[in-house]
Amino acid sequence: MEIFKRRHVPGTAPGTLAATEPPAEPIRARYVEYRLDTLVESDLVDPKEMPEATPELTQWLDVEGHDVGLITALGQRLSIHPLALEDVINVGQRTKSEDFESAIFVVLDHFFIDGDNGAVGKEQISLVVQPDVVLSVRERRSDLFEPIRARLRLGKPRIRGGGTGYLAYALIDTVVDHIFPVLESIGDSMEDIEASLLDRPDPEDVAALHELRSQLLVIRKSVWPLRDMLSGLYRSSEDFFNDETRLYLRDVVDHATMAVDIVETLREMVSSLMDLYLSSVSNRMNEIMKVLTIIATIFIPLSFVAGLYGMNFDPSVSPLNMPELGWYWGYPFALGVMAVVALGLLVFFRRRGWL
Amino acid sequence: MEIFKRRHVPGTAPGTLAATEPPAEPIRARYVEYRLDTLVESDLVDPKEMPEATPELTQWLDVEGHDVGLITALGQRLSIHPLALEDVINVGQRTKSEDFESAIFVVLDHFFIDGDNGAVGKEQISLVVQPDVVLSVRERRSDLFEPIRARLRLGKPRIRGGGTGYLAYALIDTVVDHIFPVLESIGDSMEDIEASLLDRPDPEDVAALHELRSQLLVIRKSVWPLRDMLSGLYRSSEDFFNDETRLYLRDVVDHATMAVDIVETLREMVSSLMDLYLSSVSNRMNEIMKVLTIIATIFIPLSFVAGLYGMNFDPSVSPLNMPELGWYWGYPFALGVMAVVALGLLVFFRRRGWL
Amino acid sequence: MEIFKRRHVPGTAPGTLAATEPPAEPIRARYVEYRLDTLVESDLVDPKEMPEATPELTQWLDVEGHDVGLITALGQRLSIHPLALEDVINVGQRTKSEDFESAIFVVLDHFFIDGDNGAVGKEQISLVVQPDVVLSVRERRSDLFEPIRARLRLGKPRIRGGGTGYLAYALIDTVVDHIFPVLESIGDSMEDIEASLLDRPDPEDVAALHELRSQLLVIRKSVWPLRDMLSGLYRSSEDFFNDETRLYLRDVVDHATMAVDIVETLREMVSSLMDLYLSSVSNRMNEIMKVLTIIATIFIPLSFVAGLYGMNFDPSVSPLNMPELGWYWGYPFALGVMAVVALGLLVFFRRRGWL
Amino acid sequence: MEIFKRRHVPGTAPGTLAATEPPAEPIRARYVEYRLDTLVESDLVDPKEMPEATPELTQWLDVEGHDVGLITALGQRLSIHPLALEDVINVGQRTKSEDFESAIFVVLDHFFIDGDNGAVGKEQISLVVQPDVVLSVRERRSDLFEPIRARLRLGKPRIRGGGTGYLAYALIDTVVDHIFPVLESIGDSMEDIEASLLDRPDPEDVAALHELRSQLLVIRKSVWPLRDMLSGLYRSSEDFFNDETRLYLRDVVDHATMAVDIVETLREMVSSLMDLYLSSVSNRMNEIMKVLTIIATIFIPLSFVAGLYGMNFDPSVSPLNMPELGWYWGYPFALGVMAVVALGLLVFFRRRGWL
Amino acid sequence: MEIFKRRHVPGTAPGTLAATEPPAEPIRARYVEYRLDTLVESDLVDPKEMPEATPELTQWLDVEGHDVGLITALGQRLSIHPLALEDVINVGQRTKSEDFESAIFVVLDHFFIDGDNGAVGKEQISLVVQPDVVLSVRERRSDLFEPIRARLRLGKPRIRGGGTGYLAYALIDTVVDHIFPVLESIGDSMEDIEASLLDRPDPEDVAALHELRSQLLVIRKSVWPLRDMLSGLYRSSEDFFNDETRLYLRDVVDHATMAVDIVETLREMVSSLMDLYLSSVSNRMNEIMKVLTIIATIFIPLSFVAGLYGMNFDPSVSPLNMPELGWYWGYPFALGVMAVVALGLLVFFRRRGWL
């Protein structure tokens, strides 16, 4: 995962919308307008063709993909502050909510499991919340907000009558809730690694732990400011969020706090697993070295004895020159010496508790 | 212990009560209603049959086990906010207290020693406190709140006349106090491990320390927010807690702080023990390797000497070719050389302090 | 040192005074009553026989040892809140000060060097401060407060006329000041260990460092809340402490802060010493292994050469079969080869800086 | 990078401007004065010749290089407080903003990649912001503020009409934005090192990680106080910054926070890489030692057997003396024993999972 | 450096001035009295003979060395609070400023390089600031405050007319500024160690790092509370410090913050160097062990082959008994086998990247 944002060149004027590479996939925009009793949905080919606001109607434009021209046009159409537009384009912004007189600008990260190998992906979700319009811009195509549209279609008064405030809450709540499956997947990977470590430590485990640690660092960078962001929203939101919606916002704060807690707990567990790995590896290695060294150590004196009687001193010259070679029991005696030495060492090692 | 909560699918409406698997054991509910001079107790087969509130009476329904239908019915009967109900069902919530106009909702964790092997278990205790009714929902069957019922039966005016505020305090106090035996059990395990480490370090100890560390992490995640929860209760509780009860609440805050202190202290001790283990292991290993290497090192030069005189240079060809083999004192001389080398090395090793 | 408090069974009513084992030593109580011009001192056999309060007189009862009956009686006699009484009995409470309308309840820990082996002991000191009476309860017999009695006897107006506020200050100041000799003793132990480490590291040092670390953890748990306790006293104390006494209280806060600073500094030094130990040990071990391995490595090629010429190829069969054995300079040649190899290796090792 | 500032001798009067060594390169000063409709630019040979202020005009003097005489002269010309002048000369000051009645004094660090080897350089940027004049002093020649001059030339009303407040913002924004390419370069280096570590760990990597760690420490020391500095600016700036400019200042705060986040994340990643390195190295080493030791261990018993039958016991003396040497199948038998031992050890090692 | 203060016996009355050992050097006191137009300087043999205060005159008594009698006399002469006097005597106090109605009492530490070996020394500087008198007490003889006297003699109105407030500022500023050369010296030592580590790690380096770490711990303990002390001064100082002097005090706060930053940065660098040392040592050691083990491993199979053909199986008994010994190409064949084995191992090691 990238930890750096798409940046403009230092020194350029703030709000400059740099030309980005055209999005890989064509941009898709889904438009919904609703009030308590009606709901109109359409797929806009050109998001710039967003209908005019109608009194009493809540409008929601959900854009997938980035394009400078499009964002500029939407910015003019909805009178969005250039600093906010810049942050929509330059993805990789911090999680934050900002208050521009007539609108609230919210940035947060959507984490997801990317593909089958459990890699964690991240995209920036930008929300511009105005009294009658919500604009949500996402980096990639997905059905992230489909459940919200489904709930709108069902027509429950809580969401249909909640205005842009409740809609913004529902979008944020959805994004925040998507952190938990990602954290669970990380937790599952850690349990696998823990089992592997306790069974037989593998160098691959360290690389995997390092990867999890990096993922947790990136998630943490995004999740820590969530509470600040949400309480900023709380404070700046008198016009947008009614008392009931505020109860729900408090529930999101609670989820964000829980996510922070889990991230911190997982981080500590990664540390603990790293320690476990290191001590496992060193235990295994010590075990190996010990057995091998003991084998070597036992045979070294034996080989010495064998070498001793392999010397060629001439017994015929002197009765002192290796008379053992001429003894009747010489060979059994030498074997016996070796057996005694080997047994002695084994007993010594066992007494010391090394065996 | 699980660190993830039972979650709803991201994007579902808040307050949606997902169907959970039916509880393993049948649900049991104990009902008590009391005032200063009377007390009626019953076991409700169907908790939905809870009697209507009577003026002046305090009602307490204590439910063991979860069931969506039951919780929904109780929620309607007692007008509980759907967000609170959702958190009762989706166990694994953070320790927290929330203020819903007409009720206080409290979540906290009950830790217990699970079985004989010292494993630490956790269940979520949810309390809904209303002016005349207290609903407590627990995950599993146990006699956790039996002492409270016993005190109610005894009829002391402090608890009989304290209303739902004092009852809520008594329940929270009981749950908080159950943390200490668990921490003590962890502390005892650590003392056992410490004794083992100082005596003879064992790879099992590391796995045990890792387990304790994980347990402490989970307990800490639950205990840290206790103080926040309790002070939230304090602030939001003017209607429920009178001045005398507040003195008692302060006492619980004190216990919670003490639990946090002990958890942090135990965590540091686990780190210290881990260090102790690592240095013990490396000391033992070094000890072994040193002795073995010294044995090997002493015999290597000796074997060389033996090998030297095992060479087959032909003494008959030249007087320079291993004349020692023909010496009268040849063999004793060779043994002497070996003895001198071995002694020299021993002295050298001892001088250097390696022996 | 114990990190767990004496606890009541979870679920019992607050303020329940559990029967504790009778104190090992008989309880002793010293009673003093004084004003500017008079002082009466007595040893109460039965602390319950404490005299009635006389206007203008300050009464101080100093009890050594715990006994449920006694504490209950004193509690009734002095109208002490049951929660405070419970904390007097269940020693192991956090350092704290609590405000009960008519009294201040203070708990803090007295640390002392226990016996000759430098073990650190801890006892709980409980103070109940009322407008005219101070009750101090300690766990064990000692002359801890004798200097205060001596100062009272001397009759200086500052202490004789300071009322219970100044007396409470003097008692707290004495207990806090006793932390410093304990910390100094720990500091001295650390200097001994440091000297030992720099000279010759010893596995005993690690166990000693671990012990010091545990002691510092326990002291820290007690010392950290001291400042909170004292500022709580400050805030709650308008009735008890006059402006002059408050200046002295500020001085105790200063000492408490200093104790915290020293504890933290000592803790970091223990960490630093642990690192020093580990690198010392590994340096020493590396040194040993290096020398031994070098000896082995030099002799291994030499032994190979010796083994070579110990082969029994038959020179009579072929002129190619070990003709060296029949050379006139064969043996000196072989010795020369060995010398060259050994010298070559020595030069190589020295060039690489391994010798 | 230097972490110490150029200091005056302790005890000298505050505001003393010590003679510094003359700058290596001649001082260059660029002067711009502008209002909405006009802009005059010039290169001042002698910065002291700065034109007098004209009503309605914003003046900006951008000085590259330090010289005590010059700074003193400018200080008198612009009535700058001596403490501010002292900090302009003694570079290495903390990031800070200070309010002197008639001016705001801002110090911050400009980080840049110095040369091709990726070394990180640092220079102090000092800004003196007065109602109509901005003085910027930099340590070295560069085009750091050229983009600002370009934007001024373009004549956009936002910058031309923004006065000294907007100009100060633009300068600070430019300097802060320059931190990101530096952090990205560090991040790239870390990715290179990570790839190297996972492939084949190299001692050079540790030195490189240590270098990155030092760089991050220096950047962190400079970046942490940025937020304080900016919020100080915010508070003290009512006269200089209008509401629109404040929105932009908030954006810089956001960037500063992001920089802090990235620095902290990179620091944790360096730690994680260090761990990865250590475990990689120890894994590789263990791998090597294991294979080598196993080879040695297998041959040691084989050599013993060979040594055994190299003994010279005289078979003619006794039928017990190495009768194997005279067996018909003696040699194949010995080889067979060796093969069995070697295979047995291989099987044993594989069973234990060491191979 | 000592981390413990000179203490009184626990339980003694506050403000008791314990008899200390007489100072090693005779006490020296320098007296200055000045106003805008006059300055009188003298060396007082007996500091008790300090002249009476004259209206409009600022008096400064600078005492070097401690003596209970002298401090008591000065205390009475200047009506200093006994708690302040106690802290002047019992050196080793925390950095702090305390407000006694008619005076401000300031304690801070002066750090200096002690002797040529770079050891860091510490002395306590106590200041008593009254409306017309400043008393400064230092532990040792030095010219610490000589530059202040020189500035007074020069007669600049800022210091001559600044009263005791400006004088106190100047003294504190001088002491704080002396921290930087000490920190620089530590930084230089660390650079030396870093160079040594990258070149060839030396066990001495660890002891040196440990020493630097201890020094930084002691300095940190003293520097951390500086900001608190100075802001306490700020708050309590309305009577002593005018607005201009306050600007200067803010500058000292800035220096103190910078000192804290540098101390923390240096502490992290020590940690990083420790890591660098450990990995350097282990790299070097691994390098050595690897080469040595490879040499050993190559020769072990060769020696086995040599040992094989040193066996004494009797070729005359059976054609199977070591027929190689009788081959024409036997010896070259054996040498060839050895060469092949050695080359094979070398190739294997190189392929694996171990060579």
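Labels A, B, C, D and E are assigned to the chains in the order they are written; within every chain, residues are numbered from 1.
In this text, contacts are C-beta pairs under 8 Å (C-beta built on N, C-alpha and C of every residue); 3 or more make two chains touch, one makes a residue touch a chain.
Predicted model, so just to flag it, every value in this text is computed and none were measured.
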| item | value |
| --- | --- |
| Steps in the shortest chain-to-chain touch route ending at chain E and beginning at chain A | 2 |
| Contacts common to chain C and chain D (chain labels) | E |
| Centroid spacing, where centroids are CA-atom means, of chain D and chain E in whole angstrom | 25 |
| Centre distance in Å when chain B and chain E are each reduced to the mean of their C-alpha atoms | 40 |
| Contacts with two or more other chains, residues of chain A listed in rising order | 282, 289, 293, 296, 300, 303, 307, 310-312, 322 |
| Pairwise touch network: line, ring, star, complete, or other | ring |
| Direction chain D, origin chain A - full chain order round the ring | A, D, E, C, B |
| Interfacial residue positions of chain A with respect to chain D in the complex | 3-5, 7-14, 81, 83, 93-94, 96, 98, 100, 200, 203, 206-207, 210, 213-214, 217-218, 221, 274, 277-278, 281-282, 285, 288-289, 291-293, 295-296, 299-300, 302-303, 306-307, 309-312, 315, 322, 324-332, 334 |
| Complex contact set, residues of chain D against chain A | 144-148, 151, 156, 158-159, 173-174, 177-178, 180-181, 183-184, 187, 198, 247-248, 250-251, 254, 257-258, 261-262, 265-266, 268-269, 272-273, 275-276, 279-280, 282-283, 286, 289-290, 293-294, 296-297, 300-301, 303-304, 307-308, 310-314, 317-318, 320-322, 345, 352-354 |
